[in-house]
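Take a look at the structures below.
Both complexes below contain subunit A, partnered by subunit B and then by subunit C.
This part shows the complex of A and B:
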């Protein structure tokens, strides 16, 4: 992928649909991810955004960063609002009252997806609306002050799962949202990370063409919440992938493809030691996490290999 | 213009009104209790009698949320709910009115748990009293049919652009078969023009909807919304006036019954004002000077009309169908105190 980095960037539009001047923190991985997503989506799109960092930083009245039609209503309902937009356009087109056929995209953070918006998302998947749901996963409720979510990784210290004398921080394992999306039998599921920008944009381009629901889970490094220097966002995202903690893969019609694979994964500690949220972890806990990451990665690799062997 | 009288369940009459209004989208969820309104609408869509998208959402919260989406792209939108469902969609109601999305909803007024009860009261209605919607109470199936038709016209008037809630008493109106006069499609088409949202979500003209409002802008926005809701009364009066020419049935924000010379007045909203009329007839026959004030328009609250209708009565008996726990008075009684010395 790196070998393409000289030529490929020139193919990408210089047009910005997520304008600069927004109020995201320095080094925000999510703002970068949104920018790349918007470039790949182009202008024929309608975005339904859940409450969260991106909504707050991008739309303080009377300013807006959105060069495309965009709606924010509440925290837990992005998928339901997107359902309405998709259905509304469908009927208006049928009646000749709406000329374009924009792609409908719902965006939410990990809390708005894995926790409070979970039911609305499951409903929208089940009903089969033609839309892309993008989860920008920064692994906690960053906008409200770094509270834990069900997508916070095991061992991370947050304001509501603080590390303490008798606590290792988050004591539960990260909810596997992509697997849950796959379980809905939707046509396209993918993971992505802005540290791998072309992979991310390719996946968006692919999702646009899907008839039916598509789910893209993007790891969005949050220097503020992860206690990480703002200039290490891209490196942290790469390490998440290289350690196997956040593998990049896609699932098309149930078939797994591992997009970036490594002969040997880096130790998880390489990723942890950059971040203050894992600073308190003992070697025993790190070993426990390493074991789980290795096992999960092996399982994923096997799923992808089965698909390769069959083809 | 007017069809002959038929016997029809209140819910089905409302579904007929929604069909006649050529609604584009319906999103609904059968939380207990729902009504036959949405079942009948689903049937219309399934049989091709109504060209609309029926979104069978997974909760009432998502029902109103999906309505935000359909309405924001410019589709004429309807939903129906009752008690627990209304409670679940509570926060979304505020968004609908604040974002000025002209959604129409019927609310079958029913009790709120616990204990679980599916019977009529107005506790659900009073819980959403201040959500910024235009709110209208019907007394019977005919009024429900008429007022739902008028609701689309009121909501979508450019000067208004607010959602409208038509209250019908659960069971008494929703599940009872009553004589109703429907209208012809052509008559309704002339009454409710094609709906165009002035600035819908459209890639050719990108808009940002539902932006974040810092305090100075939030205050301005809420004030503007309040001014618009109060000003909507003029449009409501116009629409009802025009509807009376079409149907021969006239509606007012406050309607009196034997109220002119009454010493004692009942103040009632919803279906049991019809029961009160029967009682008043009997009492009048005995020479007792009693009358009735029916509150039709609940929000915006019709202060002047109420003051006029009350006239010289020296006792007003308010029959409230809601309880205000720990409060001094139930809701309707509280409103009454504002205009009677």
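This part shows the complex of A and C:
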């Protein structure tokens, strides 16, 4: 027993840069993701945070949960503000007026990334700023009460894509943000999930060392919006990975690596049946989703295999 | 016109019950309103909901209720974090969900208004199976104030809850039977304690651009009273692996000197992730 003792506290810092007392819903997967990301980022960062759940719950005036320099931006310009901070630091350093080199981090939800902040993000990638962009994807606008975003998965019921007699819920497929980031030819793209905490923190540590833009897409389970019990947050995230709906991979200089691979994927139904937002799905629709998930996962696996074969 | 203010928490169904009350009043031929007031509240955070009921004339007012005739508190913990009696009229009535008896509550909280208490949490657990007390408190409200007949509530509840309606109707009836009401105590109001939020800075003290200079100041903010269940560690089964520490969204699980873990109950919201993820099932969630 002694050899087993105290695993986790030895492996990660016990410093908290995202202080308790934030007002996230109980069981919030996104708050957990932010907490783990902040642990991995450490002290030497400047964060630009777009509007969204994490901004609202962490900074109701006059309180703040952040223990690192943090600026609240609008929905659409987290990447633009981060670009400005990075460029400013660069100039000040060149002029010899500033000697430190903090890492610039932009954070946003899926709405702030895939919908509203999309062009600012694309611009920042194209200009090649040295920053990390982290998308906390909870698959809808949870902050304002569960409205669909372009990152909402096919078949999910939200308040603006409600399931009913005719509608099956969200009628379009989830926008593939990591693939769009890869298409910008940036040095580092990764997906992560707080249900795999060490994988997540390793990816952040890797992204800090990248010279150029890095994009990390984190699936953040939302018990309120996904309609599942608060204690199943971690399990739901794990099932998203095990069913292949949200595979964990990283793309370094265009080379794909699948971080967690399974010889056989679990059926997507295992993931769906936990969640109220998918409760209405019929077997046909589930089969349709299963087909697409399997095809996409196979494609991803082939990309990763090609890299392995070349090396 | 009778004005009502509900104190609940996000997710407890205060909005729903206010709507049901309005529907019940309307079905009796009265005029009624129901509307919530909230900012960025989350599941578990305190929320306010309002009702207006008028027996014979249409209601023109559209503003929130500042001086209610009736205050209903869905969550016992709210008594200690907000001044629920704020603005309550002297001949008003305070309806509380609490496990405490009328006498005990009197010693904590007394004022010129009447008081009604019911242990709605235990009724809801028994009749519905979950500690969601909104429909239960409707029964208590009907008993304490006679604002609507108990039978008028049945139809709206059946319509709203469909398959789960039976338990809600039963809980509502049981609360109607078990509610205790007390006459005015006639004592000068005394507050149970100083409420958080009273030490907030004034607008003159805030920096331009809403700049906050104290990192992590949210640590002052208590989220522990959102909780209905708390985690308890069994040291016999605990292998000190720290998974609970790792997966806590609040970051409120701490390691003690002996190497065991415990939750800081000032922050713990009672989500139950630690209990669910514990490999050795050393953590149990216990009702508050």
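In this section, the second predicted complex is superposed on the first by the 302 of 311 C-alpha atoms of A that agree within 3 Å, B and C clash if a C-alpha of one lies under 4 Å from a C-alpha of the other, contacts with A are read in each partner's own complex, and residues count from 1 in each chain.
Assume contacts are C-beta pairs under 8 Å (C-beta built on N, C-alpha and C of every residue); 3 or more make two chains touch, one makes a residue touch a chain.
Note that the structure is a prediction, hence the values are computed from the model and not measured.
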Touching partner for A:59 - first (subunit B), second (subunit C), both, neither: both
A:16 touches, of subunit B and subunit C: first, second, both or neither? second
Partner chain in contact with A:28 - subunit B first, subunit C second, else both or neither: second
First, second, both or neither for A:234, with subunit B first and subunit C second: second
Touching partner for A:203 - first (subunit B), second (subunit C), both, neither: neither
Which superposed partner A:68 touches (first subunit B, second subunit C, both, neither): both
Partner chain(s) touched by A:217 [first = subunit B, second = subunit C, both, neither]: neither
Subunit B and subunit C footprints on subunit A, overlapping residues: 56, 59-62, 64, 66-68
Residues on subunit A engaged by subunit C in the complex (per definition of touch): 1, 4-9, 12, 14, 16, 18-29, 31-32, 35, 56-68, 143, 194, 197, 223-224, 229-235
Touching residues on subunit C, where the partner in the complex is subunit A: 10-11, 39-45, 200-201, 206, 210, 212, 214-223, 226-227, 239-243, 245-252, 255, 259, 264, 266-267, 269-273, 275-277, 285
Touching residues (chain side subunit B, partner subunit A) in the complex: 24-25, 27, 51-53, 55-59, 61-62, 65-75, 77, 91-92, 95, 99, 201-214, 217
Subunit B partner contacts - residues on subunit A that touch it in the complex: 43-46, 48, 55-56, 59-62, 64, 66-74, 76-77, 79-92, 94-95, 97-100, 102, 119-120, 122-123, 126-127
